[in-house]
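Note that chain A is present in both complexes that follow, paired respectively with chain B and with chain C.
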Partner chain A sequence: MAEHHFRVWRGDDDGGKLADYTVEVNEGEVVLDVIHRLQATQTPDLAVRWNCKAGKCGSCSAEINGTPRLLCMTRMSTFDPNETVTVTPLRAFPVVRDLVTDVSFNYQKARELPAFAPPADLKPGEYRMQQVDVERSQEFRKCIECFLCQNTCHVIRDHEDNKQAFAGPRVMIRAAELDMHPLDAKTDRKEFAAEEQGMGYCNITKCCTEVCPEHIKITDNAIIPMKERAVDRRYDPLVWLGSKIFKRSDA
Partner chain B sequence: MRTTAPDVSASGPLSYDVVIVGGGAAGLRAAIAVAETAPALSVAIVSKVYPMRSHTVSAEGGAAAVIKDVDSLDEHFRDTVSGGDWLCDQDAVEFFVEEAPKELLRLEHWGCPWSREPDGHVAVRPFGGMKQQRTWFAADKTGFHLLHALFQTSLKHQQIVRHDEWFATKLLVDDGRVGGVAGIELATGRIETIAAKAVILCTGGCGRVYPFTTNANIKTGDGMALAYRAGGPLKDMEFVQYHPTGLPFTGILITEAARAEGGWLLNRDGYRYLQDYDLGKPEPHPVFKSMELGPRDRLSQAFVKEMEKGRTIPTSYGPIVHLDLRHLGEQTIDTKLPFVRELCRDYERIDPVRELIPVRPVVHYMMGGVHTDIDGAAGVAGLYAAGETACVSINGANRLGSNSLPECLVFGARAGEAAASHAASAPGPAASLAAQAADERRRLEELLRRDGGRERVSTLRQEMQAAMEAGAGIYRSRDDLVKSVDRVHELQDRFRSVRLTDHSLTFNTELIAALELEFMLEVAGSILHSALMREESRGAHQRVDFPRRDDEQFLAHSLICRNDDGSWRIEYPPVTITRWPPGERVYGR
Partner chain C sequence: MTTTATEPARPPGARPRAAITAKTLRTDRWWLPPLLTVVGLTAWVGYATFRVFMHDYYWVDDYQYLTPFYSPCITDRCVEGAAHFGTYLPGWQIVPEAAFSLPFLLLFRLTCYYYRKAYYRSFWLSPPACAVPDGHASYSGETRFPLVFQNAHRYAFYAAGIISVINTYDAILAMQSPSGFGFGLGNVVLWGNVIMLWAYTLSCHSCRHIIGGRLKTFSKHPVRYHLWGYVSWLNVRHMQLAWITLATLAVTDFYVMAVAAGWISDLRFVG
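And then the complex of A and B:
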């Protein structure tokens, strides 16, 4: 057991400030355990979202020493014993209270993306897919919607106005996932991402990839290939046709 | 967050044809069913967390449904009924096994990426208590992928409105008919009522009434308590499933797939102890319905017996046994069980390729729940329930792993259809609901502003959890149960003087914790009473003072009802048997 110095942002949409706490930390604990101890012993009114405590539900996103992280997956042992741990709410979204932010922007953008479109000519039980095809987009499906990538992307984080035009990295990988789905019947996923969801705003800084707790290579595996192919398609009808034939023969 | 403006003037009360409480697998499936079968109806999903945070995301192993030629609906039926120690309603099981494959295929059409065989067909794996390979999976994140596909599909239907982070506190009931729900919008603290012609409870399980559980923080049995307080009976509450392989301390689950792939359970002496408990002979490779692939109730009970014989391993987090995956080799572990390796590394700092995994039984699943018929109707007109919070019952005295995700789909859909047809002809909400809503508002405001109470939520919660473990654990006795019943009554009294330090309206987590505790105390009481009254041993309910199954008296469901004064009564309606009379449960032979 040791004592640790914590600073936690307290406040609401009217403003707030960092509050200082000295709190006990035990071996093996994560930052969320310490937040819970603060609630239990010092400040029961500290607002925080959490649920699974296992990095699966995406609830507990916040910034720890300025870096977007999951509170439940950040081990206390990664900090120096004398280091102050500062916990603040996600910066790209409006604060509701303390560590809780209003992430509805992300759901709005998700809703605008057309859903998986089943092929019209196949009946229940007739879908055939190769495991490699399932796996190709599996990486993107691991997304837990923690929105850390959305929070860190400078396009959204630093320019409130861009939120209208750019849907953000999370939505881009969803588009890429559907684009790679061997049975998705919609053929314009890349164009939609480029034209309706602002893919062009992304300038490939890869900050989103760095913070993703699921280690999804958002930029390299989703955004860059989509950007390249969206360009191809627009200028080269043969490339477009080829990609569709490839998709079909796979199925 | 409210996703779409409701169809009423901004200041008027919210009102929908169907309201669904819960946005997990069951809730989303129900909403889609309403939207598809009755597109003209308005439907709302209220959920205390964003749907994608629901506990369904945690399900790893898979979803059972017959798909292989060598398999048959009859075998799935028989595995489920014997797994449930004949307490399942067989008409419901018949319907379930028939619908499950259709539902899983439908999910595929909604984009769920089922893992594949080399020929492109859906892949299936063995699971505990199942005689054939019939568990579909999507890597080792089945529930997660399934929930995503459902969520994305629900977005297609414009008439589905969501109230995310909206906590339901009370069902509004007038003259035996449901008229809506009252609750709190977390972001604003606004106390609201939502009128509805039908309400479907899809609130998940209640593992949090115990101290050591695989269940996430939100699994506090809210739907069970909401129904119980509104006059709906709860069914078979004494049947609580312990999963045999939880990591000590955190309670994080090591999926049954680890045993299905060939993992062994070893005691202190490195001995596969299950062979001593009538579960078959140890073979090097996994055998269906044998040894480590026996049903969960029997495996968890064997652990306690080993502990009594002093053959478990003591640790600072209590006694454990070992799960051995080493003989599977790195390649199998990495392709079939990557997540298990990840968890062991992150939480135990061990590598299962070279080391033994410490495990112990952990509270996992609730067989019992809101009593419903096969349509999901819950005994109060207009009230329905589906998913883990409901008890139809296909799980009987012990659920088989991988039956509950398909249960959420099959009965979520059915409840959605039934609620839609009820709502299409039901009259509008009764006038008296306004008065009830006002009462609820007063109650919540009083709780929020109350001063001078002494009791703290976290203390009461800990004491309740300890009482549950002591009284209603893997083995139970009359004496222990009576003590725990008294404890829970005392805690309910003390709850009346609970004190909140947070009086804010915005995202008040302390207030929610208090309301959840109140629900849990209700649920805990119903589990203990039902366990006390069932004087036999069946499936997950093992009484040391009544060690045998007693079909004469207890081939029946326990239906516990709450009287207006808070006291209770239990009735025992018979189990529905269509074609398979009770027999012996046979494993490993």
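And then the complex of A and C:
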């Protein structure tokens, strides 16, 4: 057992500040364990959102020493014993209280994305596809919707006014997942990504990939491929000409 | 760390974020990678600019070594053996010997998805590091002129492929000595550079898309699927290859310059 210095942001939408605590830490614990001990011993009104404690529900997203992370997946053994651990709420979203933020922006953007659209002549139960055709989409299904990528993306983190035009990396990988899905029949997902999701705002700085706790290669495997697919449609006259002359599709 | 309040300007109706006063609470050395990128890229561009406008020491007549910074050599100033494709441009000081290839190579690297990350972070501070504030008050990304032209990357990729063929041709021609076939340390350097250039060019994200990434169903295109797999393997290493090729280009050029200037003699294995 050892004691550790913590600074935790306390407040709500009227303001707040970092509060100092000295708290017990035991071997094998993660930051969420320490936050729970704080609740149990020193500050029972500390608000924190959590659920599975296993890095699979995506609830306990916060910023630890300024880096967006899951509280339940950050081991205390990664910090120096004398190091102050600062825990703050996600900075890109409106604060509710203490470490809890309102992440409804992400659900709003997800609702705007057209859903999976199988071919009209295919009935439920008749879906057949090969593994090789769905494995790209499956990578994006690992997403736990922790919204760390949304939070760290500077397009909205540093520019609130872009929230109207930019959907964010989490929703873009959903668009890529559907566009790469062998049974999705919608053909205008590239245009949607470019025009409605604001894909052009992404400048490939890869912070979404860096913070993803599921290690999804968001930029390389979703956003850049979708940018290239949009280029096919919008900026590449050779592809356009080829599709007209040879009646070529992207099948 | 500064303590300036940094919550971005809120449009009307937007609810407040947590009032955290520090710009960033990161405690690691987040500033080191962008700093190293600035130092590395500035040093390389400085060296390359100096060499391109030196107009000398680019050709070793005995062994037919031509530095990639002067290939293809197409100005009137080019020595006869180096001008493999003829001379078409005047030999003015301002015109590089490789005036055909250099603009496309510059464009290829400028629009490269890795270099974009590197210079947006390090030179443009947009953002300098993850969870560190963007250095600009407003941001429109690559939606407007001139950055919308980043979408032309695939054309630069096509040009870079042609130039890699020319570099390969140069490396083949350089298997020479005054008595016929020859092979020396210079050939190892030239071939090492060419192989790395091919690896960097083929690892390009546009190449990955064109070779197979654009397909919806891989099972209908097994050959393209396998090629896509190989390119994807290289693509994971695109950043490393981007830096390795900067190094091999500079080393190759310096080696050819050193031999051409007579500072060192080429170590010969054959001929």
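As a working rule, the second predicted complex is superposed on the first by the 234 of 251 C-alpha atoms of A that agree within 3 Å, B and C clash if a C-alpha of one lies under 4 Å from a C-alpha of the other, contacts with A are read in each partner's own complex, and residues count from 1 in each chain.
Just so we're on the same page, contacts are C-beta pairs under 8 Å (C-beta built on N, C-alpha and C of every residue); 3 or more make two chains touch, one makes a residue touch a chain.
The shown structure was predicted, so the numbers you read here are calculated from the model rather than taken from an experiment.
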{"item": "Chain C versus chain B on the shared chain A, clash or fit after superposition", "value": "fit"}
{"item": "First, second, both or neither for A:E29, with chain B first and chain C second", "value": "neither"}
{"item": "Chain B versus chain C as contact partner of A:V211, first or second or both or neither", "value": "second"}
{"item": "Touching partner for A:A47 - first (chain B), second (chain C), both, neither", "value": "first"}
{"item": "Touching partner for A:E196 - first (chain B), second (chain C), both, neither", "value": "neither"}
{"item": "Partner, of chain C and chain B, that touches more residues belonging to chain A", "value": "C"}
{"item": "Chain A as apex of chain B and chain C, Cα-centre angle in degrees (nearest 10)", "value": "150"}
{"item": "Chain B versus chain C as contact partner of A:H154, first or second or both or neither", "value": "second"}
{"item": "Touching partner for A:D102 - first (chain B), second (chain C), both, neither", "value": "both"}
{"item": "Contacts of A:D188 with chain B and chain C, given as first, second, both or neither", "value": "neither"}
{"item": "Partner chain(s) touched by A:R128 [first = chain B, second = chain C, both, neither]", "value": "first"}
{"item": "Partner chain in contact with A:G66 - chain B first, chain C second, else both or neither", "value": "second"}
{"item": "Nearest Cα pair across chain B and chain C, whole Å", "value": "11"}
{"item": "Set of chain A residues, in rising order, touched by both chain B and chain C", "value": "102, 130, 181"}
{"item": "Residues of chain A defined as touching chain C within the complex", "value": "9, 11, 13, 15-18, 63, 65-68, 83, 86, 88-89, 91-95, 101-102, 130, 132-133, 152, 154-155, 157-164, 179-182, 198, 200-207, 210-211, 220, 224-225, 227-232, 234-236, 250-251"}
{"item": "Chain A-facing residues of chain C, complex", "value": "8-11, 14-20, 22, 24-28, 113, 116-117, 120-121, 126-127, 130-131, 133-134, 138-143, 147-148, 151-154, 205-206, 208-209, 213-220, 225, 235-236"}
{"item": "Residues of chain A defined as touching chain B within the complex", "value": "12, 28, 39-40, 44-59, 73, 96-98, 100, 102-104, 107-108, 110-111, 115-116, 118, 124-125, 127-131, 134, 137-138, 141-142, 144-145, 178, 181, 184"}
{"item": "Contacting residues of chain B [partner chain A, same complex]", "value": "1, 3, 49-50, 52-55, 57-58, 102, 105-106, 108-111, 113-121, 123, 139, 141, 144-145, 148-149, 152-153, 155-156, 164, 187, 216-218, 249-250, 252, 343, 346, 458, 500-502, 504, 506-510"}
